[in-house]
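The data blocks that follow each hold one structure.
First chain A sits with chain B, and in the next complex the same chain sits with chain C.
On to the complex of A and B.
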């Protein structure tokens, strides 16, 4: 086994997620006849779009060498805000105001991590609670609703369809494509990889490291805003803690996609794969009648094994006395 | 050239015979002989890349030799791991310290073999008693309960030495031990070495510093290009003879003697101060010349480079680039002014190791190599190809992650990265650190060539032969001040050594 891994291992392990994905798909298809149906697949795609869009932004933060755990409560914030303002000032104003406010939160993250160079785990974990607090203060602990759910064009984003494809899927797909192009072919993408790969060398190469990191957090906040529009539109209301736990799902998808938490390596398209895999595992388990907590058990077991194989491939062996 | 003195009659503590070690493409050690007697200080000399470190790694069981024998106390041994070498009583004191800073000195001294009580609990009493005894023997002013992070570098080195003494050391190897010590701390270190010597321990002392070697050693063995060049009795030789053995010629350091065609002054610095790193620094560099900055580590040379590249802010002073007074607050500004810096630590400061060769090379200008909003791959590859050919960089493809290249080729990537920016001023900090002999002379040639092409080049180096070889002028620094400036014609090694050790500083500053 060890020798095998040494010889052919790295190549296979690099595609490990893809292999695991296919294995899961086959297994679920065999075990549940409702799994591989167009309806089910489409509903999985649609449900994964919200986490997917957020994961795109977080992927860029992580490639830049940082974490963003605040996206969960930032989603609560953005969704409550856009839903609440919808009836007060109309969707055409509610959406830009929500984006502005959410970008401000992203800017706070970006300032603390990018400019002040504080540890991103601590900062965004702190912001996770701070923002949840803001939501509760804003909403006074009440949940919010849109009264006229049928008559608003706001319904397009969560419930509508474009050319027959559910809007969330279209938005997720388009954003994934745009982000992929930015990260692989544009100077900004190159700089994010460089800053995440070696911050010191980046500074020595004249890259404005602080600005790059700051921007990654703005992008992450922007993605949360888009996700909030999709979520608010789908539910036509919002609990004040609706995004709770999303940060872990998002992080799970990013890790499953193979983006290195150390920064400098990863890919937006592979995060899409991670998102889909996560969604299909959870969907498959539901179809098999498993309770929700099994989803978490299986998901994170898969992640741990994936990370182990990934690290083992880099070391060339399964166990290593030194890193 | 074999032994020039007769072997003493006693049994050597350690003898290496005909050691051969090859790496892909390099014969790092080619039949090297070396021995240490008990109670002897045996200095090992050679330029960087001569094979000293490789030989010591063989000795410490970190490398397996491809040929030759290791004899310890009369018995031939094979040391497969560092642990086995340690059991044989061979202890290496590294240039870079390998301590756990948050732990106490005592814990570091007995790391991995803490004395135990029942149930595996640490026997703190015994631990502190034993380590205090060792520290006392080393005449250290601190005790075993001191936290390593709070100790000075010199005292940290003492902890490292104390660790060596926990084993019954037969041979202790000191690799450049004084690189980060003050003069007072050096005196203590030398006392300890003499103590060890009196206790019958064999000492291998590796250093570039002639004065230390002549103060301390009994014999000197010289390596050059991986080959054994001879062993001299310290009392019966002199620096000239040693240098000749070491570099293969007399002090005439085959400098490119074509006189520089000097252009205008490109960079001028006046009264630049950035306490505590440097003060009242003034110099200028003209197009077409190489100015070498020579001094000890911490003399302020790198800090000046960082200030010129916008990485440090200065309190006062003036910088002129091409006649215009400028302020440089960020590397971006420095780059815009045409200043490039090849930093001293290529892995930490120069390269993003997992990125491709091409991406590393174009990193500072990637935002300008665009077609519309997209990076133009063609433009990038064109630049990469141009500098790969010009610098003779050996890599199978531009896609290769830069981390897998050899040190010399990595350094060339960094140099190429900054040359491709077409700088007015090229600052190169330690251009050949950790690079093999061949690439080293290539890089020296390149620096001369760049000057001939009209670049203004600043070379910072801690290696005197290097500074002498590439510079048209040499600026000597000591404790943050420029003590003297030499032209290539007037410089002597003695004067240079004096200028960087602060002898006669009062007269100048």
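On to the complex of A and C.
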């Protein structure tokens, strides 16, 4: 039967993202002579770091069986805070204060979802609005800007370079590696997979489920803090709604990377692939001179196909059993 | 939060109040789009309340829809219930609001649309529109671009959020005027920056990769324009590149002062708010008010910027 995949099928389907990624890269290289240049690749890596770092944290939340839709407005919050405090108390104090405040928001998410066991979709959707409200109360609707853009060492995070490589790329790369090691080799990583895969069984196995979920939200908030430092430094200012809609781009990258929305399965490194793929699609289409609606269409078509392949791999067939 | 907002709920004995209100004060209700979401709207509200407070004959009810169409429609209904003398509305959605505006019209309450116009189907039911002329702003930007480039060159354009009237009209005004005035200025590409500085920066970085030569950049507002400038500065290609924006922001004003930004269009939220209130008062006074009332949004460049205050947003 056509819809029934052979024994080797699911494995191929699981590599569908990688295959699609390579196909896109080859196609863009053929269609634009500017695409496969060192400058462009570096530029896309740098652009993808902000979404990328956030996606690392959300990946861990999703593997733990939950969602985090609040990261977009949390990014607005953290960026407005760090940029505003930069000129008031200096960057050396602004950064820790921002991290503390952002972690508090993560702790609220973690408390509501982890300890009180409320539905994460509702909680973080609610927090999306609550945090946006906090930003507006804090800033009074005003944009914030850093006055001395040339003189501050804060510029290092978004505009600087370490050993010749742009700082955001270094930070994104290092965090991806650290998270990968945590999730694949350390007890905490295995607990997250266990809690997301089968919450009941994990509790019977003596895993502190509440604490694990709580920690995943702290990690997500930590990542938002890092993204905020990069964003604030790159732009040297912040709008109140600068992170609006980023939660969907982040989630799209996580899904594209093959992390299951049902929890218990996924990989940090594959999320990196998802992030890069989205960034390269947007970059490649602009390089080809395609209008913006093509970018929306192609991006989301790719995501939907990715989800389909993901489900098909689990079912062992391309079409649903009922069809 | 020291806003002197007066939220009057419908039905709290407002009928009695309406009849008690003396003949020489007028009651005007305003429902705004989304106060607090940006500095422009925040400043607009403060200026509107200040202008109303300064006029002893005006009593205002200030409401905010929080960006929610449904809430704005019910606020319109509340204001109709309260039988205010006039309603000023900053549409959250020009299309969805048409029935609510028609209701007010049917009840004999004049509606003044402020800042962003209502859809064409609703124009018959409004007393007047007061706000900036975004097509004219696009025209001004095209004229500045043309002048700065001396009539020839290659440029890119970064637009606002696709689908937003303001973004569409500015682009239309710019494209049409540029083609007419300077046919030798070539637009290499047009891509959106979504009113977001970081997004505009990304778009510009890709433009810089794609095109070896870019002489000028037109952005749908200064916030995006500064993002584009950031990208060009980082790539070491800002020298000699002409940056033209619209809606002069403080960051754009500062960049102009540093000589990095060529020009923009000055749009004051204070003028916007005062024009809306004045239009409503003119309508109530029975004056012959034109349907479309544009307040002046002049060109601001490095040469004449001293005549303007630094924008508050």
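FYI, the second predicted complex is superposed on the first by the 314 of 323 C-alpha atoms of A that agree within 3 Å, B and C clash if a C-alpha of one lies under 4 Å from a C-alpha of the other, contacts with A are read in each partner's own complex, and residues count from 1 in each chain.
FYI, a residue touches a chain if its C-beta (ideal position, glycine included) is under 8 Å from a C-beta of that chain, and two chains touch if they have at least 3 such contacts.
This one's a predicted model, so the numbers in the text were calculated from it and none came from an experiment.
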| item | value |
| --- | --- |
| Superposition on chain A - do chain B and chain C clash or fit | fit |
| Chain C versus chain B, contacts on chain A by residue | C |
| Partner chain(s) touched by A:126 [first = chain B, second = chain C, both, neither] | neither |
| Touched partner set for A:160, first chain B, second chain C, both or neither | neither |
| Touched partner set for A:194, first chain B, second chain C, both or neither | first |
| Partner chain(s) touched by A:143 [first = chain B, second = chain C, both, neither] | second |
| Which of chain B and chain C A:173 touches, first, second, both or neither | neither |
| Chain B versus chain C as contact partner of A:265, first or second or both or neither | first |
| Per-pair minimum CA distance [chain C against chain B, superposed on A] in Å | 31 |
| Contacting residues of chain A [partner chain B, same complex] | 181, 185-187, 190-191, 193-194, 197-198, 200-208, 264-265 |
| Residues of chain C that touch chain A when the two form their complex | 1, 35-39, 41-43, 162, 189, 191-192, 196-198, 201-203, 205-207, 209-210, 223, 226-227, 230, 234, 249-251, 312-313 |
| Chain A contact footprint on chain B (complex, rising order) | 309, 311, 330-332, 334-335, 341, 343, 348-355, 359, 363-364, 366-367, 370, 373-375, 417 |
| Of all residues in chain A, those that touch chain C in their complex | 32, 34, 37, 39-40, 43, 47, 50, 136-137, 140-143, 145, 159, 231, 234-237, 239-242, 282-283, 286-287, 289, 291-293 |
